[in-house]
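Pasting a structure below so you can have a look.
First chain written, first letter: the chains are A, B, C and D, and each begins at residue 1.
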Amino acid sequence: MILDFSSSLHIVWALLPEIVVAVTGLVVLMLDVFQRGSRSAPSAPWVGPLAITGLVGAVLANAWLLTLEVPAQNAQIAVDGFRIAMNFIVLGVAIFGLLYSFDWLNREGQFTGEFIFLVLMAVVGMMLLGGTRDLIVLFVAIELMSISVYVLTGYDRRSRRSAEAALKYFLMGAFASGFLLYGIALIFGSVGSTNLSLVTSEIALGTASNNPMLFAGVALLLVGFAFKVSAVPFHMWTPDAYEGAPTPVTGFMAAGVKAAGFAAIVRFITIELAPAAEFWEGIIWWLAMLTMIVPNLAALAQDDVKRMLAYSSIAHAGYLLVGVAADSPLGRSATLFYLAVYAAMTLGSFAIVYLVAGKGDVRSKLSDFRGLGWRRPLLGAAFVVFLLSLAGFPPTGGFIGKLYLLSAAVESGESVLAITLVLTSLISYYYYLRVIWKMYFEEAPESLPTPERPGLAFGFAASIGALALLVAGLFPGHGLRTASRAGEDLVPRAAVVAPGAAPSARPSGQDPAASRASSNVSEPER
Amino acid sequence: MLSLPLLLQEAHAAYEPILPAWILLLPLIGAVVNGVGAFNWRGNKAIPSIVGPAAVIGAFAIVVVNFLAMRAAAPHDPAIVSLWTWMSAGDLRIGVDLQFDQLSMLMLLVVTGVSSVIHVYSVGYMREDPGYSRYFAYLNLFVFFMLILVLGANFAITFVGWEGVGLCSYLLIGFWYENREFASAGKKAFIVNRIGDFGFLVAMFLVFVHFGTLNYETVFAAAPAALAYGGAVVTAITLFLFLGCTGKSAQIPLYVWLPDAMAGPTPVSALIHAATMVTAGVYLVARTSVLFAMAPVSQAVVAAVGAGTALLAATIATQQYDIKKVLAYSTVSQLGYMFVAVGIGAYTAGIFHLMTHAFFKALLFLGSGAVIHAMHHAYHEVHSHEDPNDMRNQGGLRRFMPITFATMWIGTLAISGIFPLAGFFSKDEIIWYTGAYGYGILWGIALVAALLTAGYMTRLMVMTFHGENRTGADAEPHLHEVPAVMWIPLAILAVLSIVGGWVNIPDALPVLPAVHALHDWLHPVFEPARGILEAHGLHDAHSSPIGGGEAMWAGISTVAAAVVIILTFRALVHRTWKPAADSTEPTGLAGVLYNKWYVDELYDRTIVLPLLALWRGCWRIVDAGLIDGSINGLAAGTRAVGWIGSLFQTGRVATYMFYFVTGVLVILATFLL
Amino acid sequence: MSFFESHWVLTVLLLLPLAGAVACLFAGKDEAKHVALVTSIAAFLLSLPLFWVFREGTPAIQNYVSIPWIGQWGIAYTVGVDGISLLMVLLTTFIMPMAILGSYSYIKRQEPTYYAMLLLLMTAMIGVFIALDMFLFFLFWELMLIPMYFIIGVWGGERRIYAAIKFFLFTAVGSLLMLVAIVTLVYLYYRQYGVVTFAYNDLVELPVTRSAQFWLFSAFALAFAIKVPLFPVHTWLPDAHVEAPTAGSVILAGVLLKMGTYGFLRFAMPFFAYAATSDVVVYTILTLSLIGIVYGAWVAAVQPDAKKLVAYTSVAHLGFVMLGLFALTSESIQGGILQMVNHGISTGALFLLIGMLYERRHTRLIEDFGGIAKVMPFFAFAFVVVALSSIGLPGTNGFVGEFLILIGTFRTHPVAAVIAATGVVFAAAYMLPMVQRVLYGPVEDEENRELTDIGLRERIVLLPALAMIVLIGVYPGPFLEKTSASVDALLQQIEMRASQAPLEPLGTDVRFDHMPILGVDED
Amino acid sequence: MNLDIELASLILSAFLFAVGTAGVLVRRNAIIVFMCVELMLNAVNLSLIVFSRSLGLEAQVLVFFVMAVAAAEAAVGLAIIIAIFRHYEGVDVDRFNLLRW
C-alpha cells in the first residue's frame, strides 16, 4: 500500500498503532466508569488482558506499517524505520510494564482501570513523540505522556512518598514544559514554521550561525528533552520521583519516558536541526559527560536499591547520550538498540525490587536483599542477569549495547566520551555488584521474610526479559541488523519534496543488500 | 648384558663407559625403595639395611670396572654418554650427558668408595633411629646427585647435581627435624648455598652467551680462541663460578653454614660435609680449569680466599669444644688448601688433597661419630641430657674405645701431614707449589695453618681420648666400643688414610721412589689448562720463597707438625677440663675464637636483620600502605564524592529548580556571551 | 582424520563443562560434586589426545573452526589452538579435576551452585585460550569474572566480600580499557580496508601507526598486567588468593594468572609489535617484572599467613614469566610459556596442600603449625616436593622454566637476568622458612597432634601434580617442542612488524607481509 | 522614538517568562509555584501570538493547544496538591523532603 498524505484517511493509516492504543485506553476507561468494582479488586478482571490485547494489536498495526510505501514524507508524522522501531520499543515497554505491574496492583489492592488507561495514554504520547515531525504535535505528545505519568506517579494515594514524588515531578515537569514551549516558540520565531522539515533551507542558508534567537530556541528545546530523559543537570527530579512512585510505574517511567525522550532528541535535534549542529553539539557532549559521571558517583552512596536503580537509570541516559553525541547513523542505531535492551533490564529490575519490597513497598534497602539468591533461586538468577546487563557485562544485551555505543563513539572520534563511558561503567560495577553480593554472599536473617512467589504474568515477563537479554548478548545479530536499519532509516530532511515532484524511495525500501553485514560503521570521513 | 671379561677385553680398543646409566640408577633406585619404605614399612630395618648400602656398593663396583677399563684404554678425550635431550629451546640445547674422563673417574671412585663405607657404617650408627628408612633414602639420593654432579658433561647437568646435593644436605642436616635448631641449620645451609648457586647460574649465562653452548668439551675447546686471556668475560665467568664454589665448599664469605650443618647425623657429616659434597667446588674449579687458567685475577682470588679460609677456620677450630665443630672448621680449613692449590694452578695437587682429605676426614668424622654414639648411649642409659658432642664431657675414652682411639690417631696424624701418611704427600704438594709458583704470602699462611691443624687436632684427641674421663660417674660404666659394623669402616678408612698418599710421590723426596700415578692419570684433563698457564709465564721456581728445596721444606713441615703435636699433647694432657655444664664461656682471644670471630653475629646484624626489616617495610609500607592505601583511598574517595554529590539532592523542589535554571543559564551563556 | 584432529573437538571441549554446569544445578546436593568431577575428568580426557595429535614444527593454528556469528560486526565463532594455547588448554583441563576433587570436603554448602560455577569458569578459561576472535575472547575474558566473583564471595573466608569486589574491579578496569582498544582497532581496520571484522587473523595484519600503537598497547597491557599481575597492580592477588576457597585459589593461581601473560603473547605483542619492542615499553615491563620478582619474594618472606605467602610468590613467579616474554628471545619466551604451566601446577598444588591443612585446623597462620611432618608424613613429603618445585630446584619443573627464561633474558638484557637470578636466592628465603615452620620443629600445639595424614582422595588429588613436577623437570622436551615453532614464528613476526610499523596511516590495502604463524592449518 | 511593537512584545513576553521563573524559584507555596508556571506558559503564548503576526497561523494553533494542555495540567496538578495536602496538612514545598539524597 502506498501512503499519500494528501488524503486524510491515509494519515489515519499512518497513525494506526497510536490509534489502536488510544482506543483501547478509552475502552478501558469507559469500562471502568460504568463498572462497579470494589476498591480492593480490579474493577473488571479482564481489563488487564484487554489492555494487553490492545497493545498486541498495536504491535501488529505497527508491523503493518513496515509494509507501507511512502513516496512523500510530508506529513506531520513520519513513517520510517526509526519511528516503527521506537513504537516497538514503547509498546514492548507497555506490555512488559503491565505484565509486571499486575502483581503489584493486586498486592496493593489498587487494581483499577484508570491505571491501565493512564499507562495507555502515556504510551500514545510516547509513540507520537517518536514519530512526529511537527513542534505542535511534539508539545501535545510530550504533555500527554507527562500528565499521564504525573498521575501514575501519585497513583498510590495512601503513600506519602508517592504523593510527594508526584508533586515534585509535576512541578518540575510543568516548569520544564515552560522552557520547552518557549524553545518551540523561539524556533518558530526564527524559522517561521512548526514543521521543521519545511524550513530546511532557512537554516541551511547559513543565517543560523549568528542567530541568537534560534540558538536559544534550540537550547531550550534541548533542555526540555534533557529534562525528560533526566540528563544532568536537569535530572534532579528523577531520583525522588522514581523512588516515590509505585515501583512498577518507576520501571515504566524509566524505560518508556526515557525511550520517548531519546526518540525526540534524535529526531528533532540530530535530524531536523542537523544544520544547527554547532548549537547543540557541545551541549549534548557536556550533557553526556555529566550524565555519565554524576549519577554513577551518587549511586555509590545509596543504600536503597530502588533509589540506586533510579540513579543508575540516569547514568544510562548518559550512555545513551553518547550515542546521540556521536551524531551518526551508527550512533543512532546504537541508541536505539541500547534503548531496547535498557528497557528490558530496567523494567525487570524495578519489578524484582517491588517483589522483594513486599506490601507497601517497604523493604527496598540493600540489606533486604540478603540471601535472596538462595531463597528464590530463579528470581535471584533473573536479577543477576538484569544487573549484569545494566552493568554492561557479557554475555548480556547490556554489553552488546555498550559495545555498540562505544563503537559509535570511537567511529566519531569521541574518544573522551568512549573512555568516560567505560570508566563510569566501572564505577557502576561496584554498586551493581553490591546488590549481587547482598543476594548471595550474605545470609538472610530469620526476621527477613522471603519474598512471595511472583504470579504467572510476572514470571512470564521476567523470564522472557532475562532470556531476551541473554539472547541479545549472545546472538544479537538480528537485533543489530534491525537497529542498524532503523537508525539509518530516519526521514531525512532532504527527502521533503514539493508536491508533484518525483517520489523518492525510502531508504528502508531499498535493496536489503544495501545494509549488508559489514556496513554497521558509517563512512569514516563525515 | 655383556660379561665382565669381555668388556675388559674390548676396553683396549677405545674406552666405552660400561653401564653408565646404572651408576646413577642404582642409588636412585635405592632412594626410591627406601623412600617408599619410609612411608610403608617404617618399622622394617632389614630392607633399608640391605638396599641402602647395596645400591651404593653396586655403583662402586660398576665404577671400579669402568676405572679398570679406562686405565686400560687410557683415552685422551672424555667419553660422553648422551641419555636424552633435556632442554631445547631457541639456540639452547642441553642434553642429559655424562662425561667420563680421568677426573670424573677419580671422583667417582672417591665418591662411591667413601659412600659405600659410610653407608655400611650408617647401618650401625642409625639402627635405633625411627627414621631409618628415610635416612637411607636421603643418603642414596645424595649419592645419586653427587654422581650427577661429577658426571655432568655440561654446566647445566653439573648444576643439577650441584643443587641436588644441596637439597640432600638440607634434608640430612635437618634430619632430626623435630629439633628446631637442627631444622634451622638445614635451612641456613640451603639458603647460603643458594647465594652461591646464583653465581653458578650467572656464570652459566655468560658461558652460554659467549659460546652458545654449555657443553664442557665445546666450551673448553673454544675458550682460548673465543675469549681474551685475562679479559673481563672470562674473569667474570670464573669469579661467578667461584662464588658458587664458596657456597658449596664453604669458603669465605659463605662458609658459615658448614659448622651449623653438624646438626645432621654424623655419618652425614662425614660423607657430605667432609668427603664429597663440600669438595664439589674444588672439583668445579678443576673441571673448568681452562677458564680459570685464562683468568689470572680469578686465580689469585681463588687462591687468596682459599688461604684466608684455611687460616681463619683453623684459628676458630682451636677453641671449639664440640667435637664435630672442630672437625667442621678443620674441613673448612682443608678445603681452603684445596682452593689454594687449584687457584695457583696446581690442579693435581688440589684433587690429590681432595682425595686424601676424603679418606682421613671421613675417618675422623666417623670416629667422632663412634665417640658420640658411645657417649649418647651412655647418657641415654642414665637419662642424662648432657651434650655428648662436647669434648669437655668426654676425656679418657681410649680405655673404652680402643679401636676408635687408634684409628682416629691415624686420621689426626694424616691430616697433620706426618710422614708417610696420606696428608703428608697431598698437603706438602700444595704448600710446595704455592711457594714454588711464587705466592709467597699464601705459602706462609699455608704453613701456619698447617701447624694450627696439627695443634687443634691434637687438642681434639687429647680432650676426647686422654686424661680423665668426665662423662660422669653414673654414665661411665655404659661407655663401650662400637659394634663391628661401625669400626670396620673406620679401619678401612684408616688404611686408606695411610696409603692414600702413595699414589703421588714427588721426585724431590730422597729415598722414596717417585710415583706419578695420579699426576699421569689426570694429565689429559689438566693439560690444556696447564698449557695456558705455562704459556703465560707459570714456572716452577725449584725453591721456596725464602730458599730451600722441596725435600727440605717437606722435612721441615713434617717435623714442625710433629713438634706441634708433641708440644700440644704435653701441654694439654694433664690439664683438667670441667664438664660442659660447669664451664664458663671463654674470654679474651679464646672467647673471640670460640665465638667464631663473631661472623655469624656480624652477618645477622648487617645483612639478615636489615633485610628482614626492609622486607617488612615493603609489605607494610609499600604494599599495604602505598599501593593498597592509594587504591582503597581512591575507592573511598570516589564513594565520598558520590556521597557528597548526593547531598545536593536535598529533596527540596526549589533547589532542583535552581539547578535547572542554572543549567539553562549556563547553556545560554556559552553561546550568547 | 580422527575426531581429535577435527575441527570440533575444541567446541565440544568448550561446551562439555557448560553442560556439566547445568547438570550440577539440577543435581542433588550430594551428587553435584560427582557430576562436576566426572565432567572435568571427561574434559581432561578429551583434551589429552590433543597433546599427541598436535602437529609440531608448524606455527599454524590447528583444530581451527570459524563460523559466522554476528555478521553485522564481522564477528565469528573462531577457535583453534597453536602450541602456546594448546599447553594452556591442557593446563586448564589438568588443574580442574584437581581443584574439584580438592573441594570435596572443603565445600559444605550450596554445593550444586559451587560446582556449576567451577565448571562455568572452566568453559570461560578454555574459551579465553582458544578464542581467535576478539569479541569471543573478550566475552570469555569477562565471563570468567562472574563465577570467580561468586566463588570468592560465597565460599570464601572472612574478608571474602572485600576480596571478591577487589578482584572484580581490578580486573574490570583493565578489561574495559582493553575493550575500547579493541573497538578502536576494529575501527582502524575498517578505515583501512572498509571491512568490519573482529577476527584475530585479520586484525593482526593491520599496520597500526606507531603513535597509535602505544596507546592501544597500553590499554591491552594494563588489562593483562593486572591479570598477571605485574607490580604495582598486584595487590588484588593476595587478597583474592587468601580469601578464595581452595579450589578458587588453585584456579586463580593455576590458570587465571596465565591469561594475562597469554594475552601479552597472543594479542598485545603481535598486534602492536612496534610498541611492544620499543625501548620504553620493554624497559618498563622488564623493570616491573624485576620488581615483581624481587619484591614479591621479599614480601612473601615476611608473611604470617601461609596462603598469602604463596600468593606473593605468584607475583614473583609471574614476574619471571613476564621477564621471559619481553626479553624477546626464543629461549626466554619458551621458558616463559613453560613456566606458566609450571607455576600453574606447583602453585596450584601448594594451595591444595594449604587447603588441606586449613580443612583440618581452620587456620592458615604459619605460627599455628609446627612439627606437621611428624603427624602427617605424606603431606610433608608432598609439601616439600612442591615447595622445591616452587623455588626452582633442578630436576623439578620450576627450574627448567626459570633457567630458560634467565638464560634467554641474559642474551638481550644481561643486567635484568642477573637481578632476576637473585630471585632464586630469595625464593629459598621465603619458601624454606615456611616449610620449616610448618613441617619441622616439635609438635607443640595439642590440636596439631591430633591431625590425620592426608587420605586416599587427597593423595589422588596431589599425585598428578607431583608426577608432572618431576616429569617436566627431567623431560620437558615434549612440552618445549609444542611451543617452539609458534614462538619462533611469533618472534619473527614481531620483529618484522615492528620494523614495518608505519608512521602515518597507510593507504588502503596495505598489509603486513603474511606470515605463516597465523595461517590456518586446514588439513 | 518608535519602538517596534513586535520586539517590545517579545521583550515583555521574555520578562513575563522571567517573572514566572523567578516566582517558581522563590515561592514556597505549591499552588503559587504552579501559578507561576502557568504564568510562564502564558508568557510563551504571548510570544507565539506576536510571531503569528508575521509568520503564520500555526503559532495561534499552538496557543490553543497550550491553553488546553494548561487546563489539563491544572486539573492534574491541583489533584496532586490536594493529595499531598492530605498527607502533609500543608502545601509548603520545602516541607516535602521525605525523598532526598
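In this section, contacts are C-beta pairs under 8 Å (C-beta built on N, C-alpha and C of every residue); 3 or more make two chains touch, one makes a residue touch a chain.
Fair warning: this is a prediction, and the values are worked out from it, not measured in the lab.
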Tally the contacting C-beta pairs at the A-C interface and at the A-D interface, and name the larger one. A-D
Farthest chain (mean CA position) relative to chain D: B
Can you work out the whole-Å distance between the CA centroids of chain A and chain C? 43
Centre-to-centre distance between chain D and chain A (centres being mean Cα positions), rounded to whole Å: 26
Cα centre of chain B to Cα centre of chain D, whole Å, reads 98
Which integer distance in Å separates the CA centroid of chain C from that of chain D? 65
Two or more other chains touching the same residue: where does that happen in chain A? 167-168, 171, 175, 239-240, 301, 430
What parts of chain C, by residue number, touch at least two of the other chains? 169
What are the residue numbers in chain D that touch two or more other chains? 21, 24, 33, 93, 96, 98-101
Where on chain D does chain B make contact in their complex? 21, 24-26, 28, 33, 93-94, 96-101
Complex interface listing, chain B residues touching chain A: 635, 638-639, 641-643, 645-646, 648-649, 651, 653, 655-657, 659-660, 662-664, 667-668, 670-672
Which positions of chain A touch chain D when the two form their complex? 135-136, 139-140, 143, 147, 150-151, 154, 157, 160-161, 163-168, 170-171, 174-175, 177-178, 181-182, 184-186, 188-189, 192-195, 239-240, 243-244, 301
Which of the residues in chain C come into contact with chain A in the complex? 69-74, 110, 138-139, 142-143, 145-146, 149-150, 153-154, 160-161, 164-165, 168-169, 172-173, 176-177, 179-180, 183-184, 186-187, 190-191, 195-197
Contacts from chain A onto chain C in the complex sit at residues 374, 388, 393-395, 399, 403, 406-407, 410-411, 415, 418-419, 422-423, 425-426, 429-430, 433-434, 436-437, 440-442, 475-477, 480-481, 484, 517-521, 524
